[in-house]
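Heads up, the next two complexes both have chain A, just with different partners, chain B and then chain C.
Right after this comes the complex of A and B.
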């Protein structure tokens, strides 16, 4: 694996985005959600990317407009966009959690230069109407983007971008499936996942295809699963590995959930097929599910299948959807004989001393 | 076997020397800005009390916030692990351990073998720990050691927000301006910490018998508030500051 390229992108995602836009001469199309279909932004002649949260001690531009308690994901996103040094051609917001929904209004109110277009997905998935609503939502997003940018979506580019982006997600899924057990160490897999948010999709595939030949995961360590919101930086995973955690399974916004979407086959209209795939994903986060128990059971099943001895719930502070599911998940894991712990990430790139102690205690208790 | 346990707490360093399962020496020193120097000072004092030489110590285990700082230790154990082991030695019948130190409050549920079943630690706020009492004592202009006695003289309960130590200090200042009697304010402060600690204990599940350890266990006002809040009695070791160091020394001996 070309770990250096991936590490550079993961450690400096903003630098990577600037370089990518400079190289191609195209502005960036930035999405706030790791399940947003970037191929659509590519097809509007933008450099599609998910804007990852960047851990920093302060966010002067973001904090100037966000007075409420919001997760650092939103604070960081607002700060980066409002700072104004990224060549942004379009901001793609999505429905889902309150913070992401509100971010669009915050940016518009703050007078961000680029158009902000909302992808209005159905509130809940898992019902017969949701797939149709998802397809229509993406079609609506494309209509609004067309009006905002004054140009049409290129269908041929969309089909190519769809295929190349899907290949990238398949490769990432493979890395997560083998993580820790003969595959890569988790820190390298999460480095790839963070880099995947910002890298050019072609460059990403080249780097990922080399992945299985790169370093192998350590044999020792307590087998754990990571669940929760975005991973602020691979450093947090490196910190976990350094104290004896062997991450063998994932359920995070940055990880398997971002990579699991597959384009629905047998639908002629590529926009509708992609729209349907947003709803038909095998894994959803807690923001769009009416039946949280099904998701909790899915996490428990994965933990058991991967023989995880504990689940580390890594949440962004003020990330309500994950915070609300934590009590139920803790209880379900306990019933399955799997220990768990909740860690709150905020502005720190790695583990805080206190969180490190808490994880060490968990590992000690497991023995 | 002779072992030593070093508890590098946020405020004080405690050292215990253990010989064949019996505490033969112990000492405490203020952690200050130089933890290693404080450890040396406490270690020498504990050795002197034990009458043993440094060479006779077979193994040293450290615990506490600064557990990685002393270079001479053989191993480390987390505060939770040390508390559990120490309390299991002191009171084998205890199933719930509450430790309220200077900067951290912990609730630990242990089984009959002293193994940690579950635990909770107060997160990024000092409102459930001893530092909160110190800050409030400053606001009340009384010595922190006097807070316990003072609160026992209270005649009325006053609700207080203890979600944030800084905001709580503002609240105390408001109470001062309203001429609220100091004993009532001292009690409100202890009640607030007790509320937070009790919530944390409920998260791990309250199981009798319950023991309280850590420096704040010496504050009789807080102990009264905690007992009332939990509606049960709590066991307090004679020297609650040393439970972690005792536990670390036993962890060294267990290995």
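Right after this comes the complex of A and C.
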């Protein structure tokens, strides 16, 4: 793996996006949610990317339009787009939590210099009506984008982009599956996952496939699983490793959840197949309503399978879906004999001193 | 302003509703806990009695119980950044404390995301706690009017939901019964709309402060005869008061439109502040959400009509739609200003209000103000701060009136 290339993109995602657009001569198509299928943006002749949250002490453009009680993912996204120095050709918003809904409509009202089109996904999963609605929603998004950009979706490009992006997700899934145990250390895997959000998909695959794998996993850490929202920066994982955490499993929006989607090949209508894949993906975030407690059970099962001694829930302050989930997940983990802790991220790129102390206390308790 | 007689009658209705629910449950009827934007007509038509935790949370807050209850929820691990109605309600479930005596536990819960994304999580927690089915209606968000595809998706879910409700109630679905309930709801909505529109009169005999209280029947007893009778009597009372020269605000000097849910922890103080400043809050985007629900009694497809009505709700649309609604109310009710309650408990309603303020002022010329508070968590409400912000604002709009 070409870790240096990945690190460059992960540590300066905005710089990476600017360079990518400059090199290709195409504007960016920016999405905010890992539910958004970037291959669709590629097929509209845009440089498709997920805009990662960029931790900063303040966000003057974002805070001018959004109240303080919004998560940093949304605050940061609004700030970056409204700041206006990224060459944006399309903003691809997605339904989900209430803050994400607000983001799309705020950007449009604030008069951002590019079309803002929303992918309106259902919030239920696991039933045929929702799958059908997912496909219709993506078709509707494509229609609106076609009207906004004045050009058609290129179906041949879409098929190629679908395959290359899926290959990238498969490689990332493999990295997460082997993380810690014989595979790469978590900080390298999360570096790849953060970089994957902004890199050209072809360059990403080259970087991921490149040998040799120079890193070794830390050997004496306490085995932990990382669950929760977007990872703002690999620095947070490096901080955990530095105090003795060995991350061996993942359930984050940036990690396995973003990488898990697979499309059904050989379907005549690729838009339909991609739309269905958004709802049929094996791992969902807490914005989706599943039957029973499928998501919580998946997290518990993964923690047990990977012999994690604790689960670190990394949540953004003001992230309602994860905050609702935390007490139930904590209880379910306790029943399975797995400890847990909630860390609230906000504007910091790495662990705060307070969080470091709390994790150290947890590690001492585990022994 | 002298208290409305309707307030006392309505308090009695709420008490009776609780007693009725207890008695009905004892006789084997099913009880559903539902969100305020749920299509309760399908439940009522199946003999299921709805109960509204959101209203319950507002009542708990108005009775001064909120702080203890939200702290009970936070003690269970729920963040204080979550919706305070949820935290009040969960605290009540956990401690058993309620101003309504004793709540009847649900046999099912029904939530619908047309008002916010919080309710799907809140009602999942409730369903887990009582180990009952969670029925959910997914209503796609849209910038403006919903598409036919969206309506079709909601209609298909409603058909399933109606069958599930009938199964739980042990009844077979009757289109005739559903139409009867829908027609009763439509009548109630029309009367509620008439009540709200009395505030167009100058001076206004009724303001949104009264509307926030009087909305309880249309939210929680929609589709019943007693709700319709209540609003008919309220309209009579308002007519009588107007004839006798009794108005909501003495010497009304300015009119404003309100955006968002009431600030329940400071409702009385705010009402007094408005009255002392001779400002009438003549319309709002919240209580009007029910009067603008366009139910249809299509004898061929009553479910389709419900799908359309419950998808096309103000909070299920984007900010551009809200700007149009507020601007329309300002013009319709002759307001000189508007107050945007930035409600820490409700992201769906609040995020982006700074832009709403600018746009509405640009479109209407009316002055706007954003005030920071909370609908139910008293710890996030500082009346003195609100007073300091609102008093000069009132002076400004009175000058422009």
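One rule holds in what follows: the second predicted complex is superposed on the first by the 359 of 367 C-alpha atoms of A that agree within 3 Å, B and C clash if a C-alpha of one lies under 4 Å from a C-alpha of the other, contacts with A are read in each partner's own complex, and residues count from 1 in each chain.
We take it that a contact is a pair of C-beta atoms (placed from the backbone, for glycine too) under 8 Å apart; a residue touches a chain by one contact, two chains touch by 3 or more.
Everything numeric here is computed off the predicted structure, so don't read it as measured data.
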{"item": "When both partners are placed on the shared chain, which of chain B and chain C touches more of chain A", "value": "C"}
{"item": "Partner chain(s) touched by A:47 [first = chain B, second = chain C, both, neither]", "value": "neither"}
{"item": "Partner chain in contact with A:354 - chain B first, chain C second, else both or neither", "value": "first"}
{"item": "First (chain B), second (chain C), both or neither touched by A:321", "value": "second"}
{"item": "First (chain B), second (chain C), both or neither touched by A:79", "value": "neither"}
{"item": "Partner chain(s) touched by A:39 [first = chain B, second = chain C, both, neither]", "value": "neither"}
{"item": "Partner chain in contact with A:364 - chain B first, chain C second, else both or neither", "value": "first"}
{"item": "Touched partner set for A:203, first chain B, second chain C, both or neither", "value": "neither"}
{"item": "Partner chain in contact with A:238 - chain B first, chain C second, else both or neither", "value": "neither"}
{"item": "Touching both chain C and chain B, counted on chain A across the two superposed complexes", "value": "none"}
{"item": "In the complex, chain B residues that touch chain A", "value": "65, 77-81, 104, 115-117, 119, 121, 123-124"}
{"item": "Touch list for chain A against partner chain C, complex", "value": "64-67, 69-70, 95-99, 101-102, 104-106, 108-110, 118, 120, 122-124, 129-130, 132-133, 136-137, 140, 286-287, 289, 317-318, 320-321, 323-328, 330"}
{"item": "Partner chain B, residues of chain A touching it in the complex", "value": "344, 346, 353-354, 357-358, 360-361, 364-365"}
{"item": "Residues on chain C engaged by chain A in the complex (per definition of touch)", "value": "76-79, 81-83, 113, 116-118, 120-122, 124-125, 128, 136, 138, 140-143, 147, 149-150, 153, 156-157, 160, 318-320, 323, 342, 344, 347-348, 350-356, 359, 372"}
